[in-house]
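Structure, as C-alpha cells:
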Amino acid sequence: MKLKIDKIVKVFGDQEAIAPLSLDLGDVKTLSLIGPSGSGKSTLLRMLAGLQLPTSGTIAINDYLLSPDEDTLRAYRRTIGVVFQSWNLFPHLTALENIVLPLHRVHGIPLEEAEQRSLELLQRFQLAEHAHKKPSELSGGQAQRVALMRAVAHHPQLLFLDEPTSALDPLMTAEVLDLVMELKQEGRNLVIVTHHLTFARKIADHVLFMADGKVLESGSADLVFGNPKTALAQLYMSKTMNY
Amino acid sequence: MGYFGLMIRILGLFVFYHFLFSEELVVGMELSYPPFEMVGTNGKPRGISVSIAESLSEYLGRPLQIENIPFVGLVPSLKTNKLDCALSSMTITPQRAQAVSFSLPYLQTGLCLLISVHSNLQNIAQANEPGRCFVVKSGTSGEIYAKGNLTLAKVLILDNESSCVLEVVQGKADAFIYDQLSVMTNWKRNPTTTRANLGPFQKEAWGIAVRKGNQVLVNQINAFIETFRKEGGFERLGDTYLSEQKAAFKEQGIPFVF
Amino acid sequence: MFSNWQAVLEYRSLLLHGFVTTVWISVASLILSLLIGIVVALLRRSPYKVISGSARFYVEFIRGTPLLVQILLFFYVIAYAIGIDNRYIVGILVLSLFSGAYIAEMIRAGIESIRSTQIESARAIGLTKLQAYRYVIFPQALRQITPPLAGQFASIIKDSSLLSIIGIAELTNTAQQINSATYSTMESYVPLAVGYLILTLPISLLSRLLEKRFQYET
C-alpha cells in the first residue's frame, strides 16, 4: 500500500491529539504503530480507516484521497476491514450472522452465498463449531477471531487492527496473533496498532513510533527496534522489552 | 406460653373489654356536604349534622367521636360494627332499611333537578327518554331513583358532587338528580349555566341509621329527636345554617325541610 | 362479613361488561402509547433544542403529576375546551399520553444503553445510518425494552381503574356500583381483584419468559 499523509492535525476540543504530521510511504505491506498510551496511535489509525476526519490536512491511501464527505467515506470503508480492541461483534447475532450481515447488507451478496462463504471461513480457522453461538458464549479469543473473519470476508484491500489483543490473556492473544500472521502471509495489507512489540517486530515491514501526537521514529522494524534515535523511543524499548 | 404471649393476651382482653363497654358514641358521616357535614377552617367537623350529633351525644351522656367516611361506606361500616350510628343526611329507603335500622325521620326533603341551560328539559316527566343523560352521585337515593325509573335514558354515576355539577354546567348531562338544598346551592353558584326545578318529584325523609337489630339505640335516638324538635333545636339549626334557603323556599311556596 | 355473594353473583353480566371495557381501553391505550412513546423518544434526540426541549417538558410533566389529576384536568378542562365530548375517547387519550411518557423514557434508555462501540462497529463495516438503526440498534433496543414494556402494559390495565372518576364504566367502576347497590362490604371487590389478575398475571409471566430468552451479555 501507498500512504501519503500531508500535514494532518487532529484536535479534540482544546486538546491536540495529533500534532502536524506528514508521511510518505511508498510500498508498505504491513505498517505497525507503536508507542505509549495516549500517543495518538488509535486516533491516527481511525483517520486512516475513514472513521474520523482530521481537523486539517489530507490523507491519500493507494492514491485515493480520503474526502470529508460521509457518503464517500462510507464507500471507502466498504473496501477495508476494521477490528477494534473489543465489542466488535453485535451481541444479538450469532457468530455466523455477524459475518453474514455486512456481506449481505453492505456488499449485496445474496444470502445463501454469503452464508456459504462465512461458513467456509469459519471452518478454515477451526471456528465452525461456534457458528451458531452468540458472542457472549464465545471466549475473548474466539470472538476476536470471528471479528477478524468478518473483517476479511469481503476481501478488503486493507485491514486495520486497533490493539486486537489488548483485552485478551496470553493464550488467546497467541491464537489471535497466529491468525493475523496467517492473514499477512496470504498477502493482505495490514495497519496494526499493538503493544506486543515482539509481534510488531516480526510482522511489520514499517514501524511508526508515536508519542504525544508526534511520530518520533519511522523506519523498518529492525531500524526502529534495533536502533532508535530518539531518547524517548530508546527508553520505551529498553523498558518494555524486559517483559 | 412465655412472657410475650402473656402480654398479647392481656392486651387482647383490654381491647375487647374497651369495645364491649365503650362509652363513646361513634358517629359516621361524609364531611363533604355543606352545610350539613363539612370540615371547618380549623380542620374539625362542623355543620348541621355535626351539631345534631353533639346534641345527641349530650342527651345520651356519651362522649362524641365523629368518623369521616365516604357515603358509600357508611352502611358497610354499620354492618361491621365500626360505627354506632350514621348521621349523614341519609335518605330512608326500603332497600337501605333491609340493611340497617333507621330512626324516625328528622328532615323532609325531596329529589329534584339541577338542569343544564344547554338542555330543554323542564321536569321529571320528560326525563325517561332515550337521548337524555342524567348524572347522579354514587350511593345516593338519586342513583337509586335513576336506576329504577330512568331506564331509557343514559345515567352517569360519579363519586363526587362537584364532578356531577360540572357535567351539568358543561352541558354533558341534561340534569343532576339530587336533594333540594344542594340543588339550590349549586344553582345559585352557577346561575348562568344551570337552572333548578326545585319541585320534589320524590319526597324523601332523612333518618339516622343504626346497625340492624340495635333496637335499644334506635329507641334512644327516637326519643332524642322528639325532644330536640320540641325544644326547637332543628329550627335553630335551620336559622343558623339555612336562612337563605329557608327564605327562598318560602318564596317558591315549597315547605321547608325541618 | 362476606355473606352477600348471592347478590353480587346476580350482577355478573355487568361485571363481565366492565371487564371487557377495561380490556379494550387498555389495548387501545397500549397501542397509542407505544406510538407516542416512539415519536417522543425520537424527538428527544433531535438536534433542535426547541423540539427536544418540548419533548422533555412533556415527559417531565406527565411523570411529575398524578394520573388522577391529569384525567380530571384533561376531561373537564382541555377536552371541554377543544370540544371532545366522548369520555371513552378522552379516557384512552389521557391514558395513552400518560403511558407514552413512561414508554418514551424506556425507549430512550434502551437506545442509549447500546454501547457507542456498537455504533462504531456498524460504521466500520460500512452500514448506513439507517441500516445501523435497523440491523444493530433497534433489534438490541427491542430486546432491552420488551420486559419493562410488558410491565407498562400491566400498569395501563391497573391505571385504567382511575378512569372511573369520569364515569367510564370499566371494571373498578362497575364493582363499586355493585358494591353500593348490594350494600356489600367487600364482596364485589374479590371478583374485581380476580379480574385484574386474570389480565396482569399472564403479562408478567410473558415478561419473565421474554427476559430469559433475550438474556445475553451486552
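First chain written, first letter: the chains are A, B and C, and each begins at residue 1.
Criterion: contacts are C-beta pairs under 8 Å (C-beta built on N, C-alpha and C of every residue); 3 or more make two chains touch, one makes a residue touch a chain.
No experiment lies behind these values; they were computed from the predicted model shown.
Contact topology of the protein chains: linear, an open path with no closing contact. Put simply, the chain closest to the centre of the protein, by Cα centroids, is C.
Subunit B and subunit C have Cα centroids lying 38 Å from one another. Once the centre of each chain is set as its mean CA position, subunit A and subunit C turn out to be 47 Å apart. We define each chain's centre as the mean of its Cα atoms; on that basis subunit A and subunit B are separated by 83 Å. Residues of subunit B found to touch two or more other chains are absent.
Across the complex, subunit C meets subunit A through its residues 115, 117-118, 120-128, 131, 135-136, 139-140, 143, 216-218. Interface of subunit C with subunit B (complex): residues 1, 72, 76, 80, 85, 164-167, 173, 176-177, 179-181, 183-186. Of all residues in subunit B, those touching subunit C in their complex are 72, 75-76, 79-80, 95-96, 98-99, 135, 138-139, 143, 147, 156-159, 163, 166-167, 170, 172.
Against subunit C, the residues of subunit A that register as touching in their complex are 49, 51, 74, 77-78, 82, 84, 86-92, 101-102, 105-107, 134-136, 150-151.
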